[in-house]
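Next come two complexes, and both contain chain A; in the first it sits with chain B, in the second with chain C.
Let's turn to the complex of A and B:
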């Protein structure tokens, strides 16, 4: 009797899960396997009838120092952007979740998500208008300040960081906000009743309790920034060559898909390695 | 005058091709001459053949399309540099130039180019040519420099731009170091020259529109550019002057060819003939076109037209270094050098 229910349950389980797995197969597994296949080819089958399997594309990463240099540059960029996003985003989330109540919170929350509704390319081009020499920012500052400033931010690494922080900041705010909001007010009241100051509450209670959300936000920022190519290309000028732009070049300009695919998989491996190495810290934060 | 001539040549076209109506498919860059509406309308009116366009984004993509879609195209635009490869792979067919009356107007230098005429057979009809050199912002630099070294001039530091393209960058460096652009013997010298140029750059430009905006905003003094684009930018009213320095300029030649698998070869040749027709070219040039490879078409331009005044100058023509065929290995070497230089920034 119990067994029949078990098989019935299992059947129902399979029926309910199959759309999700089908979707994962079609949208994630198939494209990734195709890319993995491309990455070990000498040439795309439609281009070279005499294609064969090779590891040369992966070997190139080890023999040509350019790729490792660029990957290191991209990882540093990812780290910088993530740290700045946390420094700006976490306090925002804290204020939003703990001090502002009612309608004002909804409005502010909407303002945080609002940039997400516009196309990211449009946002980056708006930054180009703001940052360029004689642009909106410079004109504005010169109108307010008594002395002349020449920022010249456009086409520098700073411009790339500014654009990326603006694009990815909402992730940190959203995840931290959800974690902070879930903290029971009674815990804070209890701490205060036995004499804990605001800083102690923040350091000993709020930060540890919301750390999982904060770290989830950090991962959501770090991973795409390491592979970013559109922002560096538009805002970085001659400083804007990163690992992501080189991968894009292989697909768009040079038409060397096998090398582009191999470089993408190396990036995937490196990111997974970093996440694995940091996972003990992530797990500890969750406990 | 122009209308009279154009109706005449369309009449000639109609006589040459007969009344049978075909649909021909043309493979080209987008917005590059063949797909102007006046061209296909006049062609259809004269011959009854309709024209459908398909586009590619890189020469490699064009070759792949020819390989993988046999029979899909009747006319293809191929840069002369890529023609020997297309011929070797049997992608294009030999052309009977008697079917292309306007072919007689093409000067020997273009017609007998060894990249287009292989073993005595014509595979590509020279269509357009142009230069890659640089242009200056005349409001910043009143007097046009005579040397390519102007790009390296510290006076323009931070106000220079080139395109993010390995081949173009290496050939530019070859010119500046006095080397043959098709056979750069001292790659180290070219690389060192580019390493000196990079700190001069404001940014890389990527499209004509991009270039125009930088110039209009006064952000650039001097930047590499294409001859046809410079004519268009000047026509827009930008303070731009195209310079062909004494070290020389990079020349490119585009040709029209018929894929071996085409089933409408007669209509395809009629279309190619129309594309090198002076009547078509004069109208196209008014909108901003590269230089025509047909001498008759160039002679039909008004005397002050950029393509006649600058590119028709024999002194300029003597300085042009035409691009030769490039092996995949050389292409990869250039790319590696260029990526290395950019990564070091």
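Let's turn to the complex of A and C:
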């Protein structure tokens, strides 16, 4: 009897989970497998009959220093953008979750997620209009300041960082906000009642208790920024060659899919390695 | 340890008046219960004494110090919350030592006083646990230890026992009373549980609609309530219908127009007891509950409750006529509500 119920349960479980697994197979597993296959080919099968298996694409990453240099540059970019997002986003989330109440909070929250609703390409081109020489920002500053400023931020690393921070800031704000607003008000009241000031409460309670949310936000920013190519290309111009743009080039310009796929998998491996190495430290910080 | 004086304190939240000209004194070393229905302002009063709210007008003194404009963290109070509010990211010892560390007492002194406080609440061996690994009663003790380890001038308790189950609650009541006596700290305690207020405190304050209705020792407030609200809120009261007043011996207090009798002051019989006040009614229900029993007697359509030892209640069939008798001195007299 119990066995029949168990098999019945299992059948129902499989029936209910299968759409999710089917979707994962179609959307994630199959494309990734195809890419993995491409990454060990000399050429794409549809381009000609003379293709064979090779590790040359991976070997190229090790022999030609330009790829490693670019990956390092991209990792630095990811770190910079993540740190800036945390420095701006966490205080925003803190004010939003712990100070502002009622209607004003809803309005501000809407403003935070508003960028999500606009097309990212449109957003980046808007930044181009703002940042370029004689652009909106420069004209505005010159109108206010008594002396002439020449910013010319366009096609610099700064422009890339500004564009990326703007795109990914909401992730840090949202995850930190969720963690912060889940903290019981009584805990803060209890700390105040035994004499803790604002800084002590922030350092000993709010920050450690919301750290999981903050770290989740940081990962959500770091991973896509390391592989980003749109912002670097449009806002960085000649300075905007990064690991992500090289991968994109392999797919759309050079049409060397095997190399692009191999570079993608190296990126994936490096990011996973970084997350694995840092997770013990992060877990320790959480306690 | 200090006495606390609240003088003419008024507090609004928006347009609603949470505290209305409240004046009350909490004696040094006393255990004081603030009792009232929800929305009566008892928690607001406690949080105003704590310093989470500043009063719109009036003054609050803790000892000799005027504190009505002093923020919580500078008032030197200890407070316990309904859900304990322990810091989940710290060990029990760190929770208790938090207030000492804020005061920079030094590591050795902190360790000594934390150990002392753990001993006081009988949790000496659990210092390294996390709050999530403790039972409800143990969390309670940690919260208490955390509140008193800094030797505050006053201990404020916001319904601290309401989250515990009945048996644990009674244990904690005794425990709380023992620790309070041992430390000798002025304690103000908010509760909606009247039994808790009666057993724990040496003074009770009843609040209603942001005003103090009555203040006094538990027995006095129970036996001589100042108005109908106090009589019904603290304990139960059977109200005497005006049509039945004739022929009874009732206390002559100025302004008294309503009379009531506590359920445990009544006795049930088929004849009126001689020399006592008695009224006739109809037996409605006899609910046996072990040693004690409860009777409901229909008096002109409203039910009077009688609580007595079961053996003192005669077996009378529902619907039969009975007499309820009580000593004239047990009659509660209050002004008729306007």
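Some points to look at:
As a working rule, the second predicted complex is superposed on the first by the 280 of 287 C-alpha atoms of A that agree within 3 Å, B and C clash if a C-alpha of one lies under 4 Å from a C-alpha of the other, contacts with A are read in each partner's own complex, and residues count from 1 in each chain.
What we mean here is this: a residue touches a chain if its C-beta (ideal position, glycine included) is under 8 Å from a C-beta of that chain, and two chains touch if they have at least 3 such contacts.
Please read all numbers here as calculations on a predicted model, not as lab measurements.
In this superposed model built on chain A, chain B and chain C occupy separate space and fit side by side. Judged by the touch definition given at the top, the superposed model places A:254 against chain B, while chain C stays out of reach.
In the superposition on chain A, contact of A:99 is made with neither chain B nor chain C.
Greater residue coverage of chain A by touch, when chain B is weighed against chain C, goes to B. Using the contact criterion defined above for the overlaid structures, shared-chain residue A:119 touches neither chain B nor chain C, since it reaches no partner. In the superposed model, chain B and chain C sit 160 degrees apart as seen from the Cα centre of chain A, a figure rounded to the nearest 10. Our summary of the superposed model lists a minimum C-alpha distance of 46 Å between chain B and chain C. Taken together, the two complexes place no residue of chain A in contact with both chain B and chain C.
Chain contact summary for the complex, chain A toward chain B: residues 44, 46-47, 64, 66, 69-70, 73, 132-134, 154-155, 237-239, 241, 246, 249, 252-255.
Contact residues on chain B toward chain A in their complex (touch as defined above): 57-58, 60-61, 63-64, 67-68, 165, 198, 201-204, 217-219, 335-336, 339-340, 342-345.
The part of chain A that touches chain C in the complex is made up of residues 184, 186-187, 189-197, 200, 204-205, 208-209, 287. Put simply, chain C touches chain A in their complex at residues 50, 52, 71-74, 76-79, 81-83, 85-89, 98-99, 102-103, 143, 146-147, 150, 152, 156.
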